[in-house]
Amino acid sequence: MTDWLHLVLLIALVVVALDLARLRDLFAAAMLTGFFSLLCAVYYTIVDAVDVAFTEAAVGAGLSTVLMLGALSLLDERVETGRVRNRIGALSAALAVAAMMLYATPDMPAYGDPTSPVNQPDRPAWRYVHQSGKEIGVPNIVTSVLASYRGYDTLGETNVIFTAGLAVYALLAGVRRKRGQDAE
Amino acid sequence: METAALILDILSWALLLIGSAACVLAGIGLHRFPDVYSRTHASGVSDTLGVLAILTGLLLQAPSFGVGIKLLMVLGFLWISGPTATHALVQAAWIRGIEPVLGAGPDPFHRDEDGDNTEEVQ
Amino acid sequence: MQSDVVLRVVSKFLIPFILLFAFYVQFHGDFSPGGGFQAGVILAAGIILYALVFGVAASFRIVPMRATQIGAAIGVMIYGGTGVVSLLRGARYLDYNALAHDPVHGQHLGIFMVELGVGIGVASTMLWLFYSFTSHKLRRDGQS
Amino acid sequence: MTGLFGYWTVIATLAIGLYIMIAHGNLVKKVIGLNVVQTAVILFYVSFGKVHGGTAPILDERFEIYSNPLPHVLMLTAIVVGVATTAVALALIVRIWESYGSIEEDDIVRAELVE
Amino acid sequence: MTFRLATLVVLFSGIWLLWSGYFEPLLLSLGAVSVAITIWLSLRMQLLDRESAPLHLTWRFLLYVPWLLREILLANWAVIGLIIRGRGAISPRWVVVDGRQHHDETLAILANSITLTPGTVTVDVAGRTLLVHAVDAAAADGLLSDDMNRRVAALEVD
Amino acid sequence: MKYEVTAIALVVALLLALMRAVRGPTTFDRILAVNAMGTIAVLLIAVSGFLTGRPDWLDLALIYALLNFIGTLAVLKFIRYRNLGLDGGLERRHQEEMFPWKPPR
């Protein structure tokens, strides 16, 4: 039943992406990103990725707009982009990539196929789904995979986030120094 | 099916249909109204009636107490934060200097007779 | 925004609920969708809302810049420290089975600590990012 | 037919993101394009985690089949990391604007050549 | 103040229990910690004053809600009619409302009630005066009849 | 069955909002469309929870109901002061320069 729903949502996503490619007003583009994120959150809910939808909801509703606007406010009146250059080259590069990937799609498992390779019993996901209740004892499989089975992975991600905070601080907290001008 | 369950089912059908109609009409209103200010009135229909009808329609079918409470909370928070967001949006448009399309009527700003803010809506 | 009555009153009303909801998401990640990442982002969003309404200067008095930096580090340290504890108890790094006598109990404890670390780290880092941008703006405009 | 349609739309989204990144000289627009590409990747991962007749991977006695949780885990962290890295990119753009007075790629290249 | 604080602690604990639905000792103690941190942060932010936690309004507000609900449904009906009749049916106008309220929380309730009623949107608030955009004459007249204004002002009998 | 009908209607409303977001013409129309989409997303998530028989996902709807106005508030602050970190005193100084309800330029 939800099949048609996910198709409609995906087409809507493509439409929004096309509009993002067309827009030259950065402020409007930042707003449309919010629309993009809402569509994604609904899509993730439909395809059962509730945890991902939750993250997208928290990030898209609260944070990404604010960070984007915070950066735009530092760029002063520059909210219009310059002209689009090299349209043909960009289009052909994008189309070439798309064509290569399209060529590969017939080998992919169909949407929702229970017999696809990732769902085979010899794959890790099988163990996560069927054993985690006994091994970890936590109902939410995503949490047990995130924190326990793939704990190294999440440790790395946490470090990446920390490093990103450090990098932004290092970039923005220093004394402002203009080109050809000494430190204030 | 028991009579009580049947009545609940019919009621939630009715409420869900009302809510769906309100949301679609609000979507149509987003296109039929001429400017941001009047379009907010259209989106207000889905923000109030649509939310109220659909969430109460779901509430009648809630399988557990916790689900019902959460539905009520979603309703309450939406009704508090929705108008605030609308207010912020309209105020932003007003500060940016978006001129509303005005019909005939008293104008509290008492601008010049030839001011172009009294243009008739067609 | 402080001068706008509607925004101020509604934000003041909603911020405690946002904070409470963030803690709810943090501690119910085991049973329902949610967990440290989401809770951290929601908590940061609540404080960012406060900063938007009352200004970053007011927000610095609640959660100083220094606190977000320390919090970001502490989050990562809690995560890594959980692994070190399991090392000290004779198991492999981040192997929670060794944290308690019962493996399942140990897993619960390990997941709880790790999610806590992630939550603190993400909340602090997101707030830190916001602070970096806005205080840079204030400093550049000479309004700090 | 419908089984592969999801991949095609994801590929279309990815191609559009790539187009934005190449065609627009504005650096913020490039970051937005990067976000579109990232979203396409997340959509791709999440959509092949779905199993027909399955439900969200939260254990419950009422259900037998669950969708594959592994892509969800990978993408969940990717979203938060994506926000953090976007912030790094935006901070870099801010610094570029402060030292070059422009965030158009052409202007920056020209300024570099003049020196 | 202590009364307000106690009520809020009870309220937040109740909300936690309603959200959670688990009554294990571990989660209950975590809930206590969460409520404590929330209250502590809110106190630091000075959020828990009469403005944002208007407990003194509760009962009168609960009596106000049914009336507001009726107004909202009627206004919805009117706006749906306008949507069906299309562009020509509307004649937007500005309305200036002088709030009769003496406190900010009731003024915010008035502004949000106006926005919540389709057909009227509060655009700006300056002092006690509200600038409202109304979609047509009927909506504007409903607002100018001062009914809502008086009812919201009646909430704050001290 | 009733949930399917509601979901279809909500998707139609979603597409209408999408058309408004794409058509513009001003940025504020787009933000309005995003706001309307936020409400529809909350409803769609709630309905899809009932559709799949797992209505305990309402946390998701709750988070949108709680957080969705932060973005719009940031937009207002951005438009008004071009500075997301300004505090009350500085805001008032800005405000005094701006006559309340000054007719638009």
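Structure notes:
Labels for the chains are A, B, C, D, E and F, by order of writing; each one numbers its residues from 1.
What we mean here is this: a contact is a pair of C-beta atoms (placed from the backbone, for glycine too) under 8 Å apart; a residue touches a chain by one contact, two chains touch by 3 or more.
For clarity, every value in this text was computed on a predicted model and none was experimentally measured.
The minimum number of touch steps separating chain D from chain E is 2.
Between chain A and chain D, the least number of touching-chain steps is 1.
Pairwise, the chains sharing the most contacting C-beta pairs are A-D. Of all chains displayed, F has the C-alpha centre closest to the centre of the whole protein C-alpha set.
With centres computed as the average of Cα coordinates, no chain lies farther from chain A than E. Each chain gets one centre point, the mean of its Cα atoms, and the points for chain C and chain E are 29 Å apart.
Centroids built from CA atoms put chain F at 25 Å from chain C.
Chain A and chain C have Cα centroids lying 21 Å from one another.
Under the contact definition stated at the top, the residues of chain F that touch 2 or more other chains are 14-15, 31, 33, 38, 52, 56-57, 59-60, 62-63, 66-70, 73-76, 83-84, 101.
Multi-chain contact residues of chain E, defined as those touching 2 or more other chains: 19, 111-112, 122, 124, 131.
Along chain B, residues 26, 28, 40, 47, 66, 70, 73, 77, 80-82, 84, 86-88, 91, 94, 109 each make contact with two or more other chains.
Against chain E, in their complex, chain B makes its touches with residues 22, 25-26, 28-29, 32-35, 37-38, 40-42, 44-45, 47-49, 52, 66, 69-70, 73, 79-80, 82-84, 86-87, 90-91, 94, 100-109, 121-122.
Taken in their complex, chain B has these residues touching chain F: 9, 12-13, 16-17, 19-21, 23-24, 26-28, 30-31, 36, 39-40, 43, 46-47, 50-51, 54-55, 57-58, 61-63, 66-67, 70-71, 73-74, 77-78, 81-82, 84-86, 88-89, 91-99, 109, 111, 117. Of all the residues in chain D, the ones that touch chain C in their complex are 56, 58, 76-77, 80, 83-84, 87, 90-91, 94, 98.
Listed in rising order, the residues of chain C touching chain F in the complex are 1-3, 7, 10-11, 14, 17-18, 21, 25, 32-34, 38, 42, 45, 48-49, 51-58, 133-135, 137-138, 141, 143. Every residue of chain F that touches chain A in the complex is listed here, in rising order: 4, 7, 11, 14-15, 18, 21-22, 24, 27, 30-31, 33-34, 37-38, 41, 44-45, 48-49, 51-52, 57, 59-60, 63-64, 67-68, 70-71, 74-75, 78, 82-84.
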